[in-house]
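Dropping a structure here in structure tokens format, bear with me for questions.
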Amino acid sequence: MLEIRNLSKSFRGLRAVREVSFEVPEGTINALIGPNGAGKTTIFNMVAGVYAPDSGSISFRKHPIHGLRPDQVCAAGIGRTFQIVKPFAGLSVLDNVMVGAFLKEKSAARARQISAGILERLGLGPKRDLPASTLTLPDRKRLEVARALATRPKLLLLDEVMAGLRPTECDQMVEVFRELNRSQGLTILLIEHVMRAVMALARHIGVLHHGELIARGTPEQVVRDPAVLECYLGEETEV
Amino acid sequence: MALGLSVIFGVVRVVNFAHGEMMTVAMYLTLVLVSALKLDPLVLLAPIAAVLFVFGYLLQLGLINPFINRPEHSQFMLLVAVALVLVNAQLIVFGPDAQGIRTAYSFDSFQLGPLIVDAAKVYAAAAALVVAGALFAFFRFTLLGKSIRACADNYQGALVVGLNVKRLYALTFGLGAACVGAAGAMLMVVIDVTPTLGPAYTLLAFVIVITGGLGSMPGALLGGLLIGLTEALGGVLFVPSAKSMFAFALLVLVLLFRPQGILGKKTS
Amino acid sequence: MRLLEGVPRRGLILLAALLVCLIAFPLFASGYLLAVGFLILYYAYVGQAWNVMMGFAGQLSLGHSLYVGLGAYAAAALYVHFGVSPWIGLGASIVLCALAGAVIGLLAFRFGVSGVYFAILTIAFAEFARIGFDHFAWVRGSSGLFLPVANYTENDLWNLRGSPVMFYYLMLALTAGAFVLCHALLRSRMGYYWRAIREDPDAAQSLGVNTFRYKMVAVVLSAAMTSLAGVVFAFYYNNLFPEQIFHISRSIELILGPIIGGIGTLVGPLVGALLITGLAEGMRELMLQLGIDVPGVKQVFYGLCLLLVVMFLPDGVWPAIARRLRLHA
């Protein structure tokens, strides 16, 4: 569904991502892991249209999407969340989600209905009329997910949505994604440090280090890969 | 004068919409002191700058600091309110008529090749250069100057290393105001003052600073020169009263192609 | 009533009561009070128009006098030179201002000029127009454009020549229309997208919002709405001077209402206009009574009030009142 070929990006001479290639098959849940600064969010931002890649290509359902604006990428069917949450602070929780829902729905009443349903599903139902600025960080993460889901994406990019969640909350969130994947065939690509979530969700994992993809495979394969153990799990224990 | 605005914006990131008004305050102060003490306005430059420094310091500490994290339009309204009060307080005290001072050299002039230049303008320009130089040295070489620049570069970082950012902001605003004070004293030698001069000069200072680059001191000087030239040329080539149109045209061009100004650094 | 759906019942009752008061006002008011009433409605209307751009879409314009002036001059010049009815002339005004707004928006948003810089760009264009019109001979330059003054006994609605009462009702209709329009817009997709852009343009874009297009719509709509106020202004006062109409202090005056009343709220511009104009006129009356005739006293007081509101009610007066009345702002 998503195909990334030889993607590279530098910032002021620093090569954040170099020659990365992978694909995300339709209907699967995939994870990108790696230490901080490995280039994960940079890849997300290139897919989402925030940065144009220096070289390489990104195609989504066989159409090239590199060079599109973020709103065009979203309209093409890719939803994303931000690692540093960006709620519309002055709007209510429900209104936040409605902004997303308006992509596919012109009528405010229908958009409201859809948004309320999504909030219910993510456990934010009781808080829908509060201003988004009053939410706690875990709730803001949920709001990010709810907003992205409201655009009814085919592919969802999740940037560290589990961070800061308690283990039980993390499990609930995992369950939500599993359910979405199962019932609607939603394809998911996630960046995550919380290995508990990665192991529970992902069928394929890619490991990034210094901007390069150093390993790919199933969770079992990846955790046994010596290169991964050395550079990543050996250095930082963020399990 | 534009230097002051640049200093304030560069560090504190608050656009001072009461800038020209503060300058007319300085001009009136000069007027009063000159007639009371019978001293030359350029001698009074330092004490007036000091008074304005205190004024700016208190203004920042008392009024503006609570607004630092508020949205731009809120800061803007605050300063508009300050400007409104200042202009009209001057109107009440000094009346609407233009008032000027005469110095011993008011009617002197120098001959520079084919050009005849008013002595008053030359002295004022020299004083402006001295002030600019002193300010530049302050920021470059003193510890305090360096800490202020640190605040401008990285607010969070400055907090972390234990700088008292609020006090530094107040100091900076005071410094900016002192520049304005000095500018007011100098201008008094050259032109007459009316309360309505303030808003016009606020705009002019903006044009200059943005053209040169907000927050860049050499930029402010360059901007001043450029705008002066543009206006002079525009005035010669077309009707004199339309000269500021050219200044604004220049401003629009600069904003579009180099929003950070000619010598400004990019801020993201 | 579908246009006003979503307003709480108490709000509707209050609105209806306000409307009745405003309609009945000229029956009781003296000429002076009527003029004050007109001013309040005028500021409420332009405040609402400005609010579309700043309050809804978050684009700070400090040069809205440009649109008032352009709108006023276009309709007035057509009337003076060709006898074109202002109702046709206002079409020209709208087109002209929408174009001006589009040019400014296009330049600013394409080149990524935002925040303070955008605000200063809008000032620059207004100043540009001010100086330009000073030298624009067709509209009499700095000596001012005057409209022929008819006697006030007969109302000629077609040529907008008539009594202050007629202008009062015209302004009332505009203000009410703007209120209903803004209410409908805020509840539509457009309104949601505007507020999303105001709160966080990056997040809005990631949710599929074409930020450029919606910002453009906000600027153009705001400019077009403001131009109507300019037309009425020209035919009400019958004289136009570039020095006055394009001046930056006009731009600031017209945004005081929504800022004091509450940016981004529907009722804010109304409340703000009422407070500001009421305060200013009240001060004048007080000065008259006290026999103080020093220019500037009024403005100092005005400035101090503004200072207090900005410091202690940063969201404006209306949200605070709305909470009191338990209305959803």
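The letters A, B and C name the chains in turn, as written, and every chain counts its residues from 1.
Please note the rule applied: a contact is a pair of C-beta atoms (placed from the backbone, for glycine too) under 8 Å apart; a residue touches a chain by one contact, two chains touch by 3 or more.
The structure displayed is predicted, hence computed values, not measured ones.
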Graph class of chain-chain contacts, one of line, ring, star, complete, other: line
Farthest chain relative to subunit A (centres taken as mean CA coordinates): B
Leading chain pair when contacts are tallied as C-beta pairs: B-C
Chain centre separation (subunit A, subunit C; CA means) in Å: 44
Rounded Å distance, subunit A centre to subunit B centre (Cα mean): 49
Subunit B and subunit C, separation of their C-alpha mean positions in angstrom: 32
In the complex, subunit C residues that touch subunit A: 187-189, 192-193, 195-196, 198-200, 202-211, 264
Residues of subunit C defined as touching subunit B within the complex: 54, 60, 62, 107-108, 111-113, 115-117, 119-121, 123-125, 127-128, 131-132, 134-135, 142, 248-249, 252, 259, 263, 294-300, 302-304, 306-307, 310-311, 314
Complex contact set, residues of subunit B against subunit C: 15, 63, 66, 70, 72-74, 76-78, 80-85, 87-92, 96, 195, 199, 203, 206-207, 210, 239, 241-242, 244-245, 248-249, 251-252, 255-257, 259
Complex interface listing, subunit A residues touching subunit C: 48, 50, 69-71, 74-75, 79-80, 82, 86-91, 95, 98-100, 102-103, 106, 108, 111, 147-148, 150-151
